[in-house]
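Labels run A, B and C following the written order; every chain starts at residue 1.
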Amino acid sequence: MQIPVEGFMYPNEVELQWSVLIVLYPFLTGLVAGAFILASLERVFMVKAVKPTYRLALLTALAFLIVAPLPLQLHLGHPERSFEMYLTPHRSSAMAMFGFVYLWYLLAVLVVEIWLDYRRDIVVMSQCTTGWKRLVYRVLTLGSTNISERSLHIDERVGWLVTVIGIPSAFLLHGYVGFIFGSVKANPWWSSPLMPVVFLFSAMVSGIAIVMLLYMLMCRLRREPIDMDCVDTVAKYLFYTFIIDFSLEMLDLIHRIYEADESFRSLDFMVHTRLFLSQVVIQILLGTVLPILLIGVTQVVKLAAEQRKRIYVVAGCLTMIGIFAMRWNVVIGGQLFSKSFLGYTTYKMGFVTREGLLTAIVLTVLPFVILGVLVKLLPPWPEKKSAISSVAVAAYGAD
Amino acid sequence: MKAFKDAGHLFRLASVFLVGGVLFLAFRGVLVPRSFGQYGHYRADAIKETAALPISYAGHQVCEGCHADVLEVKSKGVHKQVACEACHGPLATHADDPASVQPAKLDTAVLCVRCHEANLAKPKNFPQVVSAEHSGGAPCETCHQPHSPAIVAVAGGNQ
Amino acid sequence: MSITRRQLLILLPAAAVAWKSILAGTPEASPNYNMTEHWWGMLVDITKCIGCGSCVRACQMENQVPDGYFRTWVERYHVSDYDIENPKVDSPDGGKNGFPPATASDGKNFFVPKMCNHCADSPCTQVCPVGATFVSPDGVVLVDQKYCLGCRYCVQACPYGCRFVDPKKKTAQKCTLCYHRITKGLTTACCENCPTGARQLADLKNPNDPIHEFLKTHSVQVLKPYLATRSKLFYNGLDGSVR
């Protein structure tokens, strides 16, 4: 397959190293970090209005976190050797830390927090379900059916502590993903101390947006009214985070334009040609400026609930597209120009290949499937059959 | 004591993690390659494995061991610093078994122009010609002997 | 002329023994090599390069480099005197089969052989997550083919474009400075086959190596010095436009 090259590339640079799967990886990880930070708003920062999204945000984070390492794994030349990251992690490598940051976040933060928060439900369910479901719940109880008030109080306190630890962990998780790119001094498109911060804020933006969309979707599916107070608050946080994110990205851009170092002419050319659609049109105009303006309108003008809902849905979807485009422009854009600054290559995405579009689509859909299972297993909203559970609580809460 | 009882499930969770951690350490102890870390954060045996790769180019010293006659001619000409295998190709197999592995016959029409075809980017003092105009189609070795390319005065020759 | 190996042994005992140890292939067979006594680098004299591509061909044959990828390659620069910031560069098939005649006669034209810089502070080994690539004790950047997971982070981190992932082996590949040769007293395949001596293997720890005299008496430069990689690929006559 001949890859079209413009100007001069070092001969080994013509082929892109990191494909659409590596675009997906920071995108998925960003959703995890963002969703968790939204959840922590209620728990730690006492923003009671967002309470209806708390559990949903946690489950969303878990669903995406389970899928996050898959694109990496599929991209490796030797996936069977990936365990070496745990055997002999190289301390000077940002990527080596992934295994540990990931495990820490998955096991020590998310799973523990969800377990503690759902423990009462799990114990109740282990009593009032049958078949394989019962077995799953029984395993999840770890053999302890103690849901006395005192034990739940302990769970509450420990859960709070885990969330407090979780916030810097979420920052670490995504800040470090930014560092993987930001620390490559060979690549001026990536090399920037702002990269981790930009990644972090864009992660929060995408995480908040997806939980907002999912919450509205779930309400629709369950034919329940949307808690407008909650959605308004989430949208407000989305708005402010987005403004910070946009400011940081513009700061980076202005800094680059003003400093205009040796790489500038090459990168500037790239942004005006190969990246124009994905960077300027999709990421900046459609994916950032437009949603900020849309949500901005709801902050300034008093609109009816129905109108606000529509705006939130449109803005949320645009946000997701914009953040995905941002990941695309970082990962793919950073490989389109030559490190000699004398030429440009082209990214040819396969369709039914190991790193092709189909794989990317499957990996994007997969977290939603997992979320569906999680929601079935651990319903994030108050159970309807409260009568049954109160009986169970009465029966087992006493011992 | 009451607090311990009500936190019992937490201890169960902790022990799950503990078991996981111990298993991880055990696996790690078994799976890390033995020579890892001998010189640095890498498998020291990888150095040996790289050093043990097969050789294709024997090197001119080995050639000269047998072909002293060619060396004699070559050392007097401008090609004295051109290694044998630069033209003759990789011949470690020949050096190992001179009888059965014979080098292929070379084509000067291809070989000479690789270096001597005129190109603006070549150093000015390097001898170069536009081959199409230079010999009028005659093969290079009509006038130049590759091992010592200077044209020697021959009877009837014009140099 | 037919000389059997047996005769070779009789004729040149010293050379033959050395050759035997080389063929045996195992480093144990060349016991005189001590890693701590060497610190390898290379000298490239741009004023001598004729762009014949011998080094590229030799490297591909010696190291079975897959088609379309390069452990070493040659670039041709054309720098116009009115636009020195924007050189025109080409490297058809890595310069493997030489270069077509240059057309623009304004400004200057020259060849630049490229390869791994064997940096002492190599950005590529720094980023390897598992320690599958490293600077050996004698200063050569190597890849552990049995340990590399093919994540390609090192390829991204190399500022000089010297690494690639083998399409078949799926591991990172790069110039080994012909480690299998230099540990047995031979020079690299590219140096061996350079007809003009534009490439010279250099042992910086050996006080008798001609590199020291050369470095003392010439203006020598490395590529992208501002990246502070402590490159050991020294260029003589390197033009400022080269990147």
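Methods note: a contact is a pair of C-beta atoms (placed from the backbone, for glycine too) under 8 Å apart; a residue touches a chain by one contact, two chains touch by 3 or more.
What you see is a predicted model, and the numbers here were worked out from it, not measured in a lab.
Comparing chain pairs B-C and A-B by the number of C-beta pairs in contact, the larger count belongs to B-C. When chain centres are set by their Cα atoms, the one at the greatest distance from chain C is A.
Put simply, the C-alpha centre of chain A and that of chain C have 43 angstrom between them. Centre to centre, using the average C-alpha position, chain B and chain C are separated by 9 Å.
Put simply, the C-alpha centre of chain A and that of chain B have 47 angstrom between them.
Touching two or more other chains at once are residues 36, 41 of chain B. Within chain C, residues 131-132, 147 each touch two or more of the remaining chains. In chain A, the residues that reach two or more other chains under the touch definition are 87-88, 90. Only residues 2-3, 5-10, 12-13, 16-17, 20, 24, 28, 31-32, 36, 41 of chain B touch chain A when the two sit together in their complex.
If you check the complex, the residues on chain A that touch chain C are 8-13, 15, 17-18, 72, 75-79, 81-82, 84-85, 87-90, 92-96, 98, 180, 183-187, 335, 338-342.
By the touch criterion given at the top, residues 83, 86-88, 90-91, 107, 112, 115, 119, 141-144, 146, 148, 150-151, 154, 158 of chain A touch chain B in their complex. Put simply, chain C touches chain A in their complex at residues 68-70, 73, 75, 87-91, 93-94, 114, 123, 126-132, 147-153, 155-165, 169-171, 227, 243. Chain B meets chain C in the complex at residues 33, 36, 39-43, 46-62, 65-67, 69, 79, 81-83, 85-86, 89-90, 92, 95-99, 113-115, 117-123, 126, 128.
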